[in-house]
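Take this structure, written in structure tokens, and hold onto it; I'll ask about it next.
Note that the chains take the letters A, B, C and D in the order they are written out, and that residue 1 is the start of every chain.
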Amino acid sequence: MSGSIYGRYFSVTTWGESHGPAVGVVVDGCPAGLPLTEADIQVLMDRRKPGQGKYTTARKEEDEIQILSGVFENVTTGAPISMMVKNKDHRSSDYSTIRDIYRPGHADYTFDAKYGIRDYRGGGRSSARETIGRVAAGAIAEKILERIGISFDTRVISVGGIDAGEEEKVKEFLDRKMKEMDSAGGIVECVIHGVPAGLGDPVFEKMDASLAKAIMSIGAVKGVEIGDGFAVAGTTGSQNNDPFRLDKEGKIVKKSNHAGGTLGGISDGSDIILRAAFKPTPSIAREQETVNRSGEEVTVSIHGRHDPIVVRRAQVVVEAMAAITIVDLLMANMHATMSGIEHFYGNTENDNAGK
Amino acid sequence: MSGSIYGRYFSVTTWGESHGPAVGVVVDGCPAGLPLTEADIQVLMDRRKPGQGKYTTARKEEDEIQILSGVFENVTTGAPISMMVKNKDHRSSDYSTIRDIYRPGHADYTFDAKYGIRDYRGGGRSSARETIGRVAAGAIAEKILERIGISFDTRVISVGGIDAGEEEKVKEFLDRKMKEMDSAGGIVECVIHGVPAGLGDPVFEKMDASLAKAIMSIGAVKGVEIGDGFAVAGTTGSQNNDPFRLDKEGKIVKKSNHAGGTLGGISDGSDIILRAAFKPTPSIAREQETVNRSGEEVTVSIHGRHDPIVVRRAQVVVEAMAAITIVDLLMANMHATMSGIEHFYGNTENDNAGK
Amino acid sequence: MSGSIYGRYFSVTTWGESHGPAVGVVVDGCPAGLPLTEADIQVLMDRRKPGQGKYTTARKEEDEIQILSGVFENVTTGAPISMMVKNKDHRSSDYSTIRDIYRPGHADYTFDAKYGIRDYRGGGRSSARETIGRVAAGAIAEKILERIGISFDTRVISVGGIDAGEEEKVKEFLDRKMKEMDSAGGIVECVIHGVPAGLGDPVFEKMDASLAKAIMSIGAVKGVEIGDGFAVAGTTGSQNNDPFRLDKEGKIVKKSNHAGGTLGGISDGSDIILRAAFKPTPSIAREQETVNRSGEEVTVSIHGRHDPIVVRRAQVVVEAMAAITIVDLLMANMHATMSGIEHFYGNTENDNAGK
Amino acid sequence: MSGSIYGRYFSVTTWGESHGPAVGVVVDGCPAGLPLTEADIQVLMDRRKPGQGKYTTARKEEDEIQILSGVFENVTTGAPISMMVKNKDHRSSDYSTIRDIYRPGHADYTFDAKYGIRDYRGGGRSSARETIGRVAAGAIAEKILERIGISFDTRVISVGGIDAGEEEKVKEFLDRKMKEMDSAGGIVECVIHGVPAGLGDPVFEKMDASLAKAIMSIGAVKGVEIGDGFAVAGTTGSQNNDPFRLDKEGKIVKKSNHAGGTLGGISDGSDIILRAAFKPTPSIAREQETVNRSGEEVTVSIHGRHDPIVVRRAQVVVEAMAAITIVDLLMANMHATMSGIEHFYGNTENDNAGK
């Protein structure tokens, strides 16, 4: 595997640059028999669209998804699902000044260091448009999960250090940052309901570890935590351990959920809780010091259509990556026991033998 | 791949339970020609040994590593390196009371939920002894990295919320927690020096994402951050962007390192900085509420040889996982450019053609 | 990984059905800096085109390849290369009669058994059009290999058991089969020149094993052999062993090449020789007994545009799969030795230390 | 993944050299709940033991398997199963003469070309002892398969070109070859009964392709075929297509099985039939021309304990690799349909919705 493929079972391959003809994704491993239309995908796609408010970029992206394979008569066939969105709004001239300049906080320098070549017209593979493929794949993952009762609650919980609930304060803060030609970071929280106990493996493929990779692979994320996260470092065992108890039906549940839904890397039946810290948009109009490709120190001001915060549009990307990961773990778990395998292949005779 | 194999190129497979005959690891993909002895491995192994201080478990683990394959006349041959440590100090009776009880904060319940069977004598695959294999593999990774100038600085930076530098306060705090039959969390920081620019891929295999998975796969880790981590959520673009400048030799460097050494998922030549939050040891002697396998609410007190904090012994596991990850990315990067491939295979004629 | 992704380093994901809007491929892991245009791909594409002679299907497929990503100013950037061919010539009505009938020798029955659903308009993923993606990816692989002096000689060596050199006999035989509304099998041989010694790994990733999978994954292939292949079963060690000798420049070479260029799974510097046996086209106009989806015994005659032999068009698919495999092994081999790694990362100091 | 790991779900990692302290294997991904003892493994191990007849090597290998992890109270726990066999019978002096000589038909030269270093005491990773790990893993795979009614018939069908049924002729032939200090090749056939329809994926992970890789990865195999194999190249569609019919219970079956149990890469419910061609043992006492490490032309006679034919001992290795592959495909198939996933996770409500 190289770097644009994610998922061992439900494999997602994204492709495309912001200023090429299109961006897209191939989902290999989607089960057959899932009802699926372009409209199903579009719902999630629309949640990542820019141009939805004052603090998100004014760039018009229609982002109409097209399904090219793997679906027949509105049902998945088990074949790879190829999806594509055409790039419509090319204004390459916006980017011509940064052709030879390494923008601070961007991947221009590291792309040149690694590949010796760079599509300077946009962010190349680091463009936010790469996430279109993730979101389209995530929409399919959510449809799968919905059918076994798994759902998502994703929201921005802080902007520039301010509790997102304090809407007026956030508004004032962002207005000030825009005037200052600056940008701000934020935190996104994703809560996953209905995950059955047993998903994730105890060593390297822990649910926590898989989610951490999924979320940290989103551009601008610099920290990931599960459950109480970094706060656990300042607490004690007696506070942090979640006592087990029985609910009214006699089912084993936990009294609290500091763990965020996983124990030993395996889901425990509680909500899965994860948070991601996003850095401020690196593209700011304020003048910055930097260096160009010729090795000269220069200054740069980045004008154009950029979000002062990325967290609003990034929420759906967090949710999409979480959904893809949960589907992958869901599939992985299906062959964890001999009785599961025997049951699947119809051996009722031995069904309890291995228990 | 299933859950006990880590790394695409430098593949590490750990095996073994705390109360079986042995624990071990197979490293597949170690390059040929690396000088390697058991003593080289033992150096890192000794850093994870318990019984090294007042606050680490008194359990005597000799943990003498044995190399079983892949090394001939003290040099690696390119064949898989199998390493093993015998389990010597079995006192299974210590664990007999917890055979049917789901310990809070442990994976007992989730193992039963997933597999329907559990080696109740210890933590099974969730035992800290599983990390022996990681550390042994990490020792080989560090030897590889040393030869191209990459080194590690790993330390505990906080214990129970107290700055680890304030040694007296930490001491008092831990003494109190031990008296209270409780435990504490902490934070480990790992700084990696000398990583060349260009490692990591721009999408799913970002260096940050790979490190996040590696570190979050360590038991008890609940949060991972790179560079300024969660603090970026409260900062602005003008503060967080690291300006590029030229050093005395004219090399491109950064004025600051908020990014923690990666831009767009690719190393930028600065130090890689990562931090991991560890939860308090879940095994505490204090009475806790829980449930047993028969579905009854019970209380449990966990006696035995347990560390009140895991961060001291966990440092070397963080370092080992980071080292394994960097080696993997180092290898992945070798075929990133056509000129690199041509140079390797001796085509000097075309050497600059693809640039 | 699921079933539509091939290659660990140079990863090829094909997608698309014969009667959907398009078929395509994403190549992830192509090195940056390779000059590449659509015309480069088209050369190989044209070799798999039908309608090139009397014995290949008359269906008109223009198969114009479009590069959608990963190439900037005619040079690869290291980003995934997405390529697509639109499906133009839909005559679904041709296939309507076979909607409910399981054609002998086809995958209709097994698709239904596995997925419970099937795109009955064509062969779905078993359509020969799936190979378009393989050939497009193979064209890139061949461009990479060309630059380090690796080239291919691929040809049909027998048709229906007749030596392909006896052109008149083959012609008569095929005319007779067409009259008889029947089809014929054949053998394709691929010789790979210029492969350096050292590619392939000694255990599961032997060059022979990797090539066997690559070639056997082509529809209609029922046998694969390397070097003398099945003939070795009837020979002796003294006949089959290839003696080593020195050539005029003192380089170690082999006197013969019964081994087909690999020893212990690793290339030995001689030509790699492989052969694939193709079954006769299963679509024949002659009446055949079979069963329908309702579980009734019926007869079927398959009319339409089908090749009486597949070997002519299949040659380029064999070559493409071989090329993709060799590129993968070429990349895998780059981190096999410590001195190779040190040299790549510029450690001249230790350069011979590990030898 | 590097070269000593096989299987995506049921992952087998072998390690060890013939003259090191031990050889072994780690099986990751074995389902929990399978009754398993060392005696179960030993049954298959004993079938590969040398010293069982006149034509197999007299070397005494006790090969007592030891299970080190993953099994608790004689039942698998879902944790990786580590197994080891100690190497007991070291007579390194036997091999000292070949330290600097490249034996024809062996991997000595290619190991040096690839790694620059070689464990010259035996075949290193190319030693037949590497197959111990494969057979031990195969024994577990067969236990899994047995429980859903899958079984194996493996036999030698020809020796040196003579039908293995003609025992007297084979005996005379082998006696003559031993006198002539020569060796012979042969063919092994493996028939797999009870494989349900639906295993294997339609593109790169075809059942045929996966089996081809598995079998071709066994040292000395130079050809693999499925069903009628190379014979299909000389036949016609009307002969080769297997007509479908209904059996007495109304189940869809095939009238013949030229296909060897797969259509479009997916099992069709018939017996899976595969054959492997083994080359003659390259170690022969007869004098052979070759070259040494110093680049001089020399002659070599290889004395020692070598089988004149490998097919007898290799049968069980073929069976083991086939069993591992079938388990892998069995697991892969469990998440192929939405209704399968929903049924597994207890969604009876939607159970037929996706059909």
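Everything below uses one rule, namely that contacts are C-beta pairs under 8 Å (C-beta built on N, C-alpha and C of every residue); 3 or more make two chains touch, one makes a residue touch a chain.
These numbers were taken from a predicted model, which means no experiment stands behind them.
Chains that touch both subunit B and subunit C are the following: A, D.
Across A-D and A-C, the chain pair carrying more C-beta contacts is A-C. Across the assembly, the mean Cα position most removed from that of subunit C is the one of B.
Distance between subunit A and subunit B, defined via averaged C-alpha coordinates, is recorded as 24 Å. Put simply, the C-alpha centre of subunit A and that of subunit D have 41 angstrom between them. In this assembly, the C-alpha centroid of subunit A lies 36 Å from the C-alpha centroid of subunit C.
Counting partner chains per residue, subunit D shows two or more touched chains at residues 1-5, 8-9, 14, 29, 32-33, 75, 78-79, 114-117, 124-125, 202, 336-337, 339, 355. For subunit A in complex with subunit D, the residues that touch the partner chain are 8-9, 29, 31-35, 75-76, 78-79, 144, 147-149, 196, 202, 330-331, 334-342, 344-347, 350, 353-355. Residues 1-5, 8-11, 13-17, 20-24, 26, 28-29, 32-33, 66, 68-70, 72, 75-82, 84, 114-119, 124-125 of subunit B are the ones touching subunit D in the complex. Contact residues on subunit C toward subunit D in their complex (touch as defined above): 1-6, 8, 14, 102, 104-107, 109-111, 113-117, 123-126, 130, 158, 160-161, 177, 180, 182-187, 197-199, 201-206, 208-217, 219, 221-246, 250, 252, 255, 259-260, 262-269, 277-284, 286, 288-291, 295, 297, 332-333, 336-337, 339, 355.
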